[in-house]
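There are two complexes below, and they share subunit A, which is joined by subunit B in the first and by subunit C in the second.
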Partner chain A sequence: MRAFLLRKTGAALIVVFLASIVVFAGTRALPGDPALVLAGEDRTPQALEEIRAKYRLNDPVPVQYASWLTHALTGDFGESRRAGIAVGTTILDRIPITLELAFLSIIVALILGIPAGVIAAVKRGSAADYASGTLALVGLSIPHFWLGLLLILVFAVKLRLLPASGYVPFFEDPVENLRRMAMPALVLGTGVSAIVMRQMRSAMLDSLGADYVRTARAKGLAERQVIIGHAMRNSLLTVVTVVGLQLGGLISGAVITEQIFVIPGFGRLTIEAVNQRDYALIQGVVFVAAAGYVIINLLVDALYSVLNPRIRVSGQPG
Partner chain B sequence: MSVQDVAVLSPRARRRRRIRRRLLRRPLAVAGLVVALVFVVVAIFAPVIAPYDPGRSDFSAPLAGPSAEHLFGTDELGRDIFSRVVWGARASIQAGVLSTLLAMAFAVPIGLVAGYYRGWLDPVVARMTDVMLAFPFLILAVGLAAVLGPSLTNATIALAFAAVPVLIRVTRGETLALREEDYVRAAVANGASDTTILARHILPNMAGTLIVQATVWIPTAIIGEALLSFLGLGVQPPTPSWGVMLSAAQPFIDQAPRLVIFPGLAIFLATLSFNLLGDGLRDVLDPRTQT
Partner chain C sequence: MSRMLKWATGAVVAVLVASACGGDSTTDTGGGGETANQGAAKAGGSLTVALAEDPDLLDPTLARTFVGRIVFANLCEKLYDVNEKLEIVPQLAASLPKITNGGKTVTIDIRPGLKFNDGTTLDAKAVKTSLDRHRTLEASSRASELEPVKSVRVVDSDTVRLSLDGAYAPLTAQLADRSGMVMSPAQLDELGDKFSDDPVCVGPFEFVRRAEGDRIELKKASNYYDAGKVKLDRLTFRIIEEGSARSANLRSGDVNVAERLDPTDLAAVRADSNLQLVDRTSLGYQGITVNIGNKNGLGEDFENVGTPLAEEKALRQAFSLALDREAINKVVFQGNYVPGCGPLSPVSPYYDKSLKCPARDLAKAKQLVQQSGVPTPVPVRMMVNTDATTLRLGQTIQAMAKEAGFNVRLQPTEFTTALDRGDAGDYDTFQVGWSGRIDPDGNIQQFVGTTGSQNIAGYSNDALDKLLEEGRSELDRAKRIQIYQQATQTLLDESPLIYLYHDKYFTGAGNDVVGLQFFGDGLLRFKEAGFSAES
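Moving on, here comes the complex of A and B:
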């Protein structure tokens, strides 16, 4: 188990390291003086000289990279163009908002996806099976941002039930916060729920045909108990992996969802950074997103190995 | 076709016939195929199909409702929405199909070589795909748009970039399995060159899987193009694109909901049709990976 996790952690560190080279190379591919890029608004000759010294811009490229990386690892990505605000702080401020959105979306996805998948598998070939299969296909094909606009049209414009956009911090007013997060979480959650439903259905079909389910039935357990206690419990394992694999998609989805519902999270920050050509911020956002995604995947792997003892031996998930 | 005609067909042609017949027995897949073809035709013949110039403004009738003149009504600048939806298919299909072809052109050779020769190359390629997958798609696209500048071409490149690691993994995996097949060993024993083995024996046998992967990627790329254009990182106005139309429609959502509904419906139908076709093709061509 420890060897397995160590190996996974090592691989993740290598990927983060390589990703940092990509991000660094990407910003150096930009036309113009990197000092101008990093200096933000403050572009006096002295300020530029300070930047050059701080990030060793007069040294060879590998030295520049090493300097950039050591700064980046301490959360120092330079100054944002918005007068003197450090990129690191800006990003840190926005992350909790996106985490809340992602958390709520996953809850929506599980609430919709798991029961639908279980019912579809248990009543295979029934109308319920086809209905949930069709809904899953629709959920996968519908563009999230269009669904978001439709929800705004129905719930905010026509019915006037929910505010169309905006954000209120949870600790300021929890009820208002959830009211404003409801539509974004639904938008982001439906796509994932379709995938959860499909996975849950096929995993359930597998386990319903397995020997231990036949044994459970043979010893006279109630059907309800066989399904929930035996078949479902084992099927949830695959769902953990699937949800884990969707987290990267959630980061992408958050970009567009936050844009539509005007939620000042990490995703909206990404778009703001690009629109304002705030290169230091773009660089920070892209690197944090990549590193965060790799770390999340590592945690999913770890969780999976705790839940499923078999892979600790073979070292191969699945 | 008579019995004799069938008899003269080569085994490969017979296999193709069998696949076609099996696909045509699935009504959903056929519906997907038909609708997807309609979108492709509309994209190619947009200038002929669209009743109006998509950029022409009729200032006397802004935000007009649907009528015989303007099938879907007009937008805030009095432009014909139907014509713009028709032209929007161009950007979508172009991004969807071209990004997939571009990704295949890169990924398939890399996956083939990594899977066939293994050695030091294989782990290097594996790390490379890991790094590419570490960047969530939209973040990657945003980064590329920042470096390259926003345009349909650059959006297509970003979409292809996102598909490459996935396709490399699929191709590599298939190659690993196929190189152990008896007919490959037989070819090796016959003294066939590596190029012949890869091109004549391994590649044709993974064609089914690759076709399925392509069909599944196209709808993702169509949504991706719409997304990027919506965010201002893809097609630039006044060029019509479904994403651009949705973005422009946002302020008018309460006055003219159809501005939001028609372009979105187009995206939805296009992606749904390719997804249905992809599901059908997967059942027929690649039964192992059924979901």
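Moving on, here comes the complex of A and C:
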């Protein structure tokens, strides 16, 4: 067990290291001189030279990389060039906001997707089935920015029920926090709810045809109990797996949603960093994202191996 | 219409107040000094402004962005400011500078009894500290603006004297912008080049905190010399880059004021009876820069790039004549901007009012193309930004130029990359503009002067250089106006830069916002702003 985990951790570290090289090279490959962005309108050659010297943009890329890596290993990702604030602090400030948004979106997706999937499966071929199928297709197809603007127009501009944008920390004012997160979570959750609904429907159809459901019915259980207590409970396992897989998609979907609803999360930070060619910030953001994926995968591997001993053994030499 | 009238009446009130208290004798509102709705502002309240971009460092020496200047306009006062007619007036200085010794000596009197927002005293020594920091700090963005200043001397506690190599007319305008901002020496001692973390100046508001990319919060300054006029307790700038989100937040009441609304969002804001919309023509311009001699990159020797437009002045004139600037404004910008053909905006005090832009003349354009002997269609590559409006502008130009025998190929290029290619000389023509400066020199010399720091056209004209040199050293305003008239005519004839139009700043605000000052420099001054006492 320990050997397995060590092996996995070692592999993860190598992946993170390689990712850091790719991130660094990718940032440098972006067209557009960061000194130009930073200089703003005052682009005198002298000013550009000073900026390049200050941020060591003239050094060879490997030298820049080595300097960045040594600092990054101590947790120092440098400063954002525009506002001069530490990259590490900015990223740490923003991650919880996006995680909260992702979490709320998943709740929205489950609330919308599970009942719809169950009803569609139970009333297979009925109008309800087709209706939820159509809605799922619509939910998958609507672009986030369009749905976002539509919701703002209806709930913020016309009805004035919800604030159009912004973020208030949950521990400062939970109610205001949820009011501001409601629309973004709905936008992000809609797409995922369609996936949940489809998974739920097919899993339910499988379960409803399975032997244990027939047995349950034969025992004389009420239909309601058969569906909720037996078929649905079993189908939820698949859904949970699918939702987990959607987490990455949610975080990338947050890029657009956060932009529309002006939420200072990780996604919006990514866009700002790229637009401003803020190398330190881009590297920090992409590196943290990459490391995040690797860590999650590592945890999943570890969990699976606890749950299923066969995984631990397979792949071992001899 | 009635709403615009209310804005205008508000302007009269504001100007009257300003003239009564500031010792400024003008009461003419013709230039369009502007505040929000009429009526008195009640004391107190918290006002939120949506900014279109995140400002850079809040350090007057290092700052470079336009949007940063909006924040500074409420946080850091300057030796001089502009009034609603974009004329320079004293702010922290007691009077306009006294220029003697053939322009080589500039004496500045400072208002007595000023306090920084940290309670320390603003005196001549503090002014010298800031001016020297602007001039000499490594990576200072102000160094080139104050380049002609050779030394700053403290005469007495309320007077500083600058020594220059020669007369430099744009200096006062520089001191009416970030170069004239005075920072608290105590705070500079404490924070050094981290001044941006907690900037302390003289201003109606003082810094509270900033969350990068999200918001900047200010509060009413207790030590401000004119605190009696400041109504608001809090002023918050929120960063909302997305244009449609900015207007939606204004319409939902989440922000009280939104700057630089997109032309496409104006109709919705105009139609909303809870909102007021006001526009100001920018001091800048938009145009097409033609690459003439920038073959080797900016700062290197000029060498003609060899394209038809670079080689034949007549073809540049033909291209310009093929464009219908009025139609471009109507088709692309729904008539919201101001067509133009020169580097100076109609709102500039130096604008030549007799300037008549040549109307579209297709026959003459065709004739010029034919006379040049270049086989048609004449190929022209044009680099444009990637947003929808600019693309539409490019397509309109393409269609108009085609009729005169030009084959325009658009090259949509992301802005930063385009700047890069512009500097490197890797383009034929480039649709690009300039936000504009108070002094006319700032709109011309650096772009089309031979030694201009942003002369990406690689354009060199001895006669024009001589004119621009004269313009810098001439201190008489009437004579300067004439000089820049001539320069504009030269540029029209030579067309290294084909000027197209002057854009406008559109600011939206809730009807309950009063006393906001909004001039042609596009900045928002909240010193006297507040919420209407009636609501």
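Everything below uses one rule, namely that the second predicted complex is superposed on the first by the 225 of 318 C-alpha atoms of A that agree within 3 Å, B and C clash if a C-alpha of one lies under 4 Å from a C-alpha of the other, contacts with A are read in each partner's own complex, and residues count from 1 in each chain.
The rule we apply is simple: contacts are C-beta pairs under 8 Å (C-beta built on N, C-alpha and C of every residue); 3 or more make two chains touch, one makes a residue touch a chain.
For clarity, every value in this text was computed on a predicted model and none was experimentally measured.
Of the two partner chains, subunit C is the only one that A:T90 touches; subunit B does not reach it. By the touch criterion stated above, A:V285 is placed in contact with subunit B alone, subunit C being left untouched. By the touch criterion defined above, A:R277 reaches both subunit B and subunit C. In the superposition on chain A, contact is made by A:R268 with subunit C only, not with subunit B.
In the overlay built on the shared chain, the residue A:V16 is in contact with subunit B alone; subunit C does not reach it.
In the superposed model, A:I228 makes contact with neither subunit B nor subunit C. By the touch criterion defined above, A:G26 lies against subunit B but remains apart from subunit C after alignment on the C-alpha atoms of chain A. Contact with subunit B, but none with subunit C, is seen for A:V255 once the two complexes are overlaid on the shared chain. Residue contacts after overlaying the shared chain place A:L153 against subunit B and subunit C alike.
Residue overlap on subunit A between the subunit B contacts of one complex and the subunit C contacts of the other covers 149, 152-153, 157, 259, 275, 277.
The touching residues of subunit B, counted against subunit A in their complex, run 127, 130-131, 133-140, 142-143, 145-147, 219, 223, 226-227, 230-233, 246, 249-250, 253-254, 257, 260-261, 264, 267-268, 271-272, 275-276, 279, 290-291. Listed in rising order, the residues of subunit A touching subunit B in the complex are 11, 14-16, 18-19, 22-23, 26, 29-30, 137-138, 140-143, 145-146, 149-150, 152-153, 157, 198-199, 202, 248-249, 251-253, 255-256, 259, 270-271, 273-275, 277, 279, 282, 285-286, 289-291, 293-294. The touching residues of subunit A, counted against subunit C in their complex, run 31-33, 36-47, 50-51, 54, 80, 82-85, 90, 93, 149, 152-153, 156-157, 160, 163-167, 259-262, 264, 268-269, 272, 275, 277.
Residues of subunit C touching subunit A in their complex: 54-57, 64-66, 138-139, 141, 143-144, 194, 196-197, 210-214, 238-242, 244-245, 248-249, 251-254, 298-299, 414, 416-417, 419-420, 423, 434-435, 446, 453-454.
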